[in-house]
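This structure is in structure tokens; I'll ask about it shortly.
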Amino acid sequence: MLTNKHDALAIIFANSYDNEVPSLVNERLMASIPFAGRYRLVDFTLSSLVNCGIDNVSIIVKKNYRSLMRHLGSGRPWDLVRKNGGLNIVPPYAEKGIKVYNGRVEAVASILEFLKGCKEQYVFMTDSNIACMFDFADMIRAHQESGADVTIAYKNEAIPYSFMNMQLTQTTDLYYTLDLDGNRVVSINTNSKEYGPQNLSMNLYLTEREKLISQIEKAYAQGHVFYERDVLAPMIGTEKICGYEFKGYSARISDMVSYFDENMKLLDPENLNALFDGSDVYTTVRDDNPARYCSGSKVSNSLVADGCVIEGEVDNCVLFRGVHVGRGTKLKNCVVMQDTVIAGNCDIEYTIMDKEVNIASGKSIKGEKTFPVFVPAYKQIL
Amino acid sequence: MSKEMVAMILAGGQGSRLYALTDKLAKPAVPFGGKYRIIDFPLSNCVNSGIDTVGILTQYQPLVLNEYIGHGQPWDLDRLHGGVHVLPPYQQAKGSDWYKGTANAIYQNLSFLRRYDPQYVIILSGDQICKQDYNDFLEFHKAKGADFSVAVMEVPWDEASRFGLMVADSDGRISEFQEKPKEPKSNLASMGIYIFNFDVLEKYLEADEANPDSSNDFGNDILPALLRDGKKMYAYRFNGYWKDVGTISSLWEANMEVLNPENSGINLFDDDWKIYSRSSGKAAQYISDKAVIDNAMLTNGCRIFGTVRHSILFAGVEVEEGAVVEDAVVMGNVRICKGAKVTHCIVGENAYIGEGATVGEKPEPGNEKNVATVGPGVKVGDRAVIGGTAMVKEDVGEGGKC
Amino acid sequence: MSKEMVAMILAGGQGSRLYALTDKLAKPAVPFGGKYRIIDFPLSNCVNSGIDTVGILTQYQPLVLNEYIGHGQPWDLDRLHGGVHVLPPYQQAKGSDWYKGTANAIYQNLSFLRRYDPQYVIILSGDQICKQDYNDFLEFHKAKGADFSVAVMEVPWDEASRFGLMVADSDGRISEFQEKPKEPKSNLASMGIYIFNFDVLEKYLEADEANPDSSNDFGNDILPALLRDGKKMYAYRFNGYWKDVGTISSLWEANMEVLNPENSGINLFDDDWKIYSRSSGKAAQYISDKAVIDNAMLTNGCRIFGTVRHSILFAGVEVEEGAVVEDAVVMGNVRICKGAKVTHCIVGENAYIGEGATVGEKPEPGNEKNVATVGPGVKVGDRAVIGGTAMVKEDVGEGGKC
Amino acid sequence: MLTNKHDALAIIFANSYDNEVPSLVNERLMASIPFAGRYRLVDFTLSSLVNCGIDNVSIIVKKNYRSLMRHLGSGRPWDLVRKNGGLNIVPPYAEKGIKVYNGRVEAVASILEFLKGCKEQYVFMTDSNIACMFDFADMIRAHQESGADVTIAYKNEAIPYSFMNMQLTQTTDLYYTLDLDGNRVVSINTNSKEYGPQNLSMNLYLTEREKLISQIEKAYAQGHVFYERDVLAPMIGTEKICGYEFKGYSARISDMVSYFDENMKLLDPENLNALFDGSDVYTTVRDDNPARYCSGSKVSNSLVADGCVIEGEVDNCVLFRGVHVGRGTKLKNCVVMQDTVIAGNCDIEYTIMDKEVNIASGKSIKGEKTFPVFVPAYKQIL
């Protein structure tokens, strides 16, 4: 009973698929991308872990991780402050031998000593580009039942457009589909171009800690980089790799359009309920006031976070914390990140405004559903 | 490490004039302004004034308050040396007692104060809505070389006889008190906020405790003794917003004033003097395409499908289609079902207003102090009618009237 | 989130048989073993058993205990959901009272328990030195399908009549209690550690509270009621170290046993079952070239220029040149001046032993229970003599005798 | 009153003079070198700051900073957990533009945005190779009195042997002496080779935040590296730079021998008292038992931390937390870091054992006062 309830620890890769959303990660990384009005993507994974009683979580970061460090702090909002375990951020150069990693193998190799010192039986590894409430405890149950060596979570869905059109040069952003026989994985396909629903990997893996250590030690010594291609695929003949289908609601961020769409989808209360699934999702607390809907404002079909001040019209929008919408401004089909201020008499449609943007009065910005305009953080449009 | 000034917040009161709202809750824990509780005001004032050591003296229903304060992190009072401490009464080897009066409450916690070896102690009230820089007050106290200072408000002369008054000379030195006098000699009303030199406080509390005839109250016993002994007592004029929210109507009124910061004087949106609070942690608010919201404050977790006008909704309130909320204070996690009308009232946390029910009514002019109140957790049945002066503490059945 | 099992530690007792040591201190806060306090044992057992939600019920001199527990960080009980909470009595709208008995203390905090919706509640005592895996106990409770289980120790039959005994069948099911019986039917002594199914606990506490004739005590009232109703009650045998340190001599003895883990059964140095405590934060110990130390435990901040044999010194103790400390328990920040002799005794925190003073003496064989005691903060003057059975609560002048 | 009592923030350079103690920083950096039985060097600086009411502290790290991050955690032991300010660790690559810095100018440039957002009037900058309890409040007082633009703290002492013999290639480890006229600095000498007591800079600077920002912006734009050489020295003619003499006890770690000597000096109670100066020094708490002096052990003139178990003889030693000395072992003139275990019947003199060393029974290791043997961390001597 000295370890946590489910005897598992977790490793989160915070920079996964950064290349697909370059504008959003200019000053941050995938894990800290704002989502759903007041969260960051990593909040969903962290909250799922904590809700399942998993309280030993390492987050491996590569670059642009200051915003994530600030967001996570000591881990208090997720109740991850522990004398042993708790939240552990692994930045590059923190120790001799930790460089800026390329693939998952190198990333895990940098924390092998830590892993060896842990006592938990199981390890979860996951990326941070999917917002969903995941039942890690159920996946352990399935893993134990199937007797698998490795279990891979997948979702039956079509391959995102951006993945299908990925440049070959983006070697770090591989994606994987699974061919299954029952729940057993019979082949792992890299960067498949098949259309229609697929068993698309969530890049969420469960294996035993001791097995992972020996896999990574071997792969790293041989100069391998990618866990899926270099470790898992060769195992298929000799060991048992199983799939675990996630059937809940998930929002996968694979490019700017999907980021826009996945925010917009939450304006349907059914999707909103499905995403949260009745669970608590934790995030950093800010000292915002309640949102103020001033006389003469008009808000319709929108998500609004605390700290917003709305004097104008807002329709079909997601407003993060502390957004100001001036009098006479019309905002339609927009995603507006924290503390952006839009003065009066603007007319803005299909636009993603990153944080702390400042738009002077009378401006007009319009994008298209298939091409939302992006305004970078701190931009002053005067 | 010694502290220059330590704050003690008197938060013991039941606040019985808030009736249903304080049945299971100390008055300082009463919700206010969408996401605050009354205690947030003195606590935030302390932090913003640079005071990092605060004792909260409580003995009535402290569980909610305890949980709310927690380790003090929301107020940045989560400290190793100092920070915020809830101080209930306790037993000692030589007997024990509940706090007998305000002075006795501080007396019983002298050992807490001594731990920080302060030069000054500021005594605050846990049931006022007020934004005040206690550091300015301390600077005044120091400049006067005072033993004791009290914060006072100028009140209109014709209302002065309703207050405890400080008679002071042009320099602010106090020469006399008047408790609700028929013929006021002063219009300086005490706010119940005191600064003492700690050595003076210690000495007078010990003397007061030794006096078996004392009621152990600051106003009745300690202050008169100081005056008798010719101690240097000064009145510090405070001009900002101050409100004792001790009644349902004053609590409702103060909430409504929050919606009108330009005219009311209470501005919660001031980044230079933030009022901190513990957040609910709920998801963002969802406003449907059927919703109408006009001049309202809403908090995270609200889901609005109906109409909300000139109201304050706390975290997690649901307003269903066709429901109308107007001039109302609706506390956390209340559900207002289809077609209900909720008007000019306070609805306590976790209450349920059934389909088509009516709570409160627009008062006739002059009767604005009539505020209907639904207690926390109360279920108002479908189509029930709660009158404009009702105080509902227990469930009301379908179609019932109150 | 609900919790499988919540722990409630009864820490209310004054521990009056510890006299001078508990004059300003609840018994659970009494220092032990160099850097621990008694409460560290149940708290550490909880954490090591995977219990992360603990209430500490206290009403006597809780200030030291409160400060010591703080936010629970030393025990890793600094949690948002759960963690450790000190629970004093409080006033409610319908009257108020100090905790009347052990059962009433839990009853008054049912709302605390309900917040965590536990399946099981374990009731612990805050004044025992014991290393126990409560999870093993819970597994036993579950395996038996019990409503209630009690941890018991086998005691020698000829001592059994000094204990509260559980008469149980071979499966452990309890059929009868005997409170210090002349003719014991069992040698299974209750340790006062219970596991209840929460629903059963709730029901019996409420019924007990409604009974005006009840003394509101687990042993006298709740357990007999369970037995009467034929509830499934089981006795769980515990074989480890267990000691009620309720007297000066037992407290001294338990400390001395710490120096001898091989034979005494109490091993504080076990990395697999750590006892956590709040650290003093003092600098490393300095041992001079004049010092002689033999078979002793010293804590940070000690400075030794004299002789220390078979003793436990808490943080910040100074032993000057020529002073001799033997068979002694010396609590934090005590100063033992030149040439003083401190033997077979307990010296409380912050005490001062003057030059050439004598405290305690080697007892005659058979009188080992004679333990001289110097209370916290007491000043023993130069060349004063404190006899082997003395209990000193007040300063002793130069050359004085006690 | 929204800022701290003395209206100052602090910046600590954690990797200063790493090159001079290569063995000690193999797995850590200067700031986290163990000192005085249970502290790290940085504890003295942090505790001094906190005791002076300065609670906004940034620590700029370069490499090998994992041990420091672990040590500092959320800053709780120093009571530096704050919603605004508190403890702020600045690792490389955390944001775009933060690289592994060379000189102080680059290091400060990487946190310019942060500095701009602060409200404090003054900034302290300090290295971390000196253990002392420093009265920052008094230095502010002196700075205000003199009306200086920059105040430099110095100690009147001889230049350490290792500095005098420094290789020219070690360009990052410059040291400075001050020529003074009254308290005014009239020249800053780099790597002076003068013998005898000098005004040796402690590399502890006080200036106004706004001034520092403009100094660094200018110097960085011009490609300058070293604050002293490139910013301060050129200012001497035009602006007022003052010296502030530190007269208290200080332990300057400039090489392995000085590390050994400075530990040993604390075995004189007078020095020990002078170092702590009656103040509280905070450090990370460990769950150690009290130290156990077993029957038959003999300890003389030594510092011993909690968690030690001593069965043998210890003379003139500094034992950090959790050291075990076996029966029959004689330990003389040694510094033994945390959790090192020495079995029975060893004979060890003039040796520094880094942490978690394991020495089997019967071994004999001897160094000289002027050449203490160093046993690296985790070394097994079997």
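Letters are used for the chains, namely A, B, C and D, taken in the order the chains are written, and counting of residues starts over at 1 for each.
Everything below uses one rule, namely that a contact is a pair of C-beta atoms (placed from the backbone, for glycine too) under 8 Å apart; a residue touches a chain by one contact, two chains touch by 3 or more.
Computed from a predicted structure; not experimentally measured.
Between the interfaces A-C and C-D, more contacting C-beta pairs are found at C-D.
Taking the mean of the C-alpha atoms as each chain's centre, subunit A and subunit B sit 42 Å apart. Rounded to a whole number, the gap between the C-alpha centres of subunit A and subunit C is 48 angstrom. Within subunit A, the positions touching two or more other chains are listed as 76-77, 81, 83, 280, 287. In subunit B, 73, 78 are the positions where the chain touches two or more neighbouring chains simultaneously.
With chains as nodes and touching pairs as edges, the resulting graph is complete, every pair of chains being joined. In the complex of the two chains, the subunit A residues touching subunit D come out as 26-27, 62-66, 69, 73-74, 81, 83, 91-96, 98, 100, 287. Residues 33-35, 73-74, 268-269, 274, 276-277, 279, 281, 283-289, 291, 293-300, 303, 308, 312-313 of subunit C are the ones touching subunit D in the complex. Across the complex, subunit B is touched by residues 14, 22-24, 58-63, 66-67, 71, 78, 85, 88-93, 96, 98, 111-112, 115 of subunit C. Within the complex formed with subunit B, the residues of subunit A that make contact are 36-38, 76-77, 267, 269, 272, 276, 280-283, 285-287, 289-297, 299-306, 309, 315, 318-320.
Considering their complex, residues 1, 48-50, 73, 76, 78-81, 133, 135, 272 of subunit C touch subunit A.
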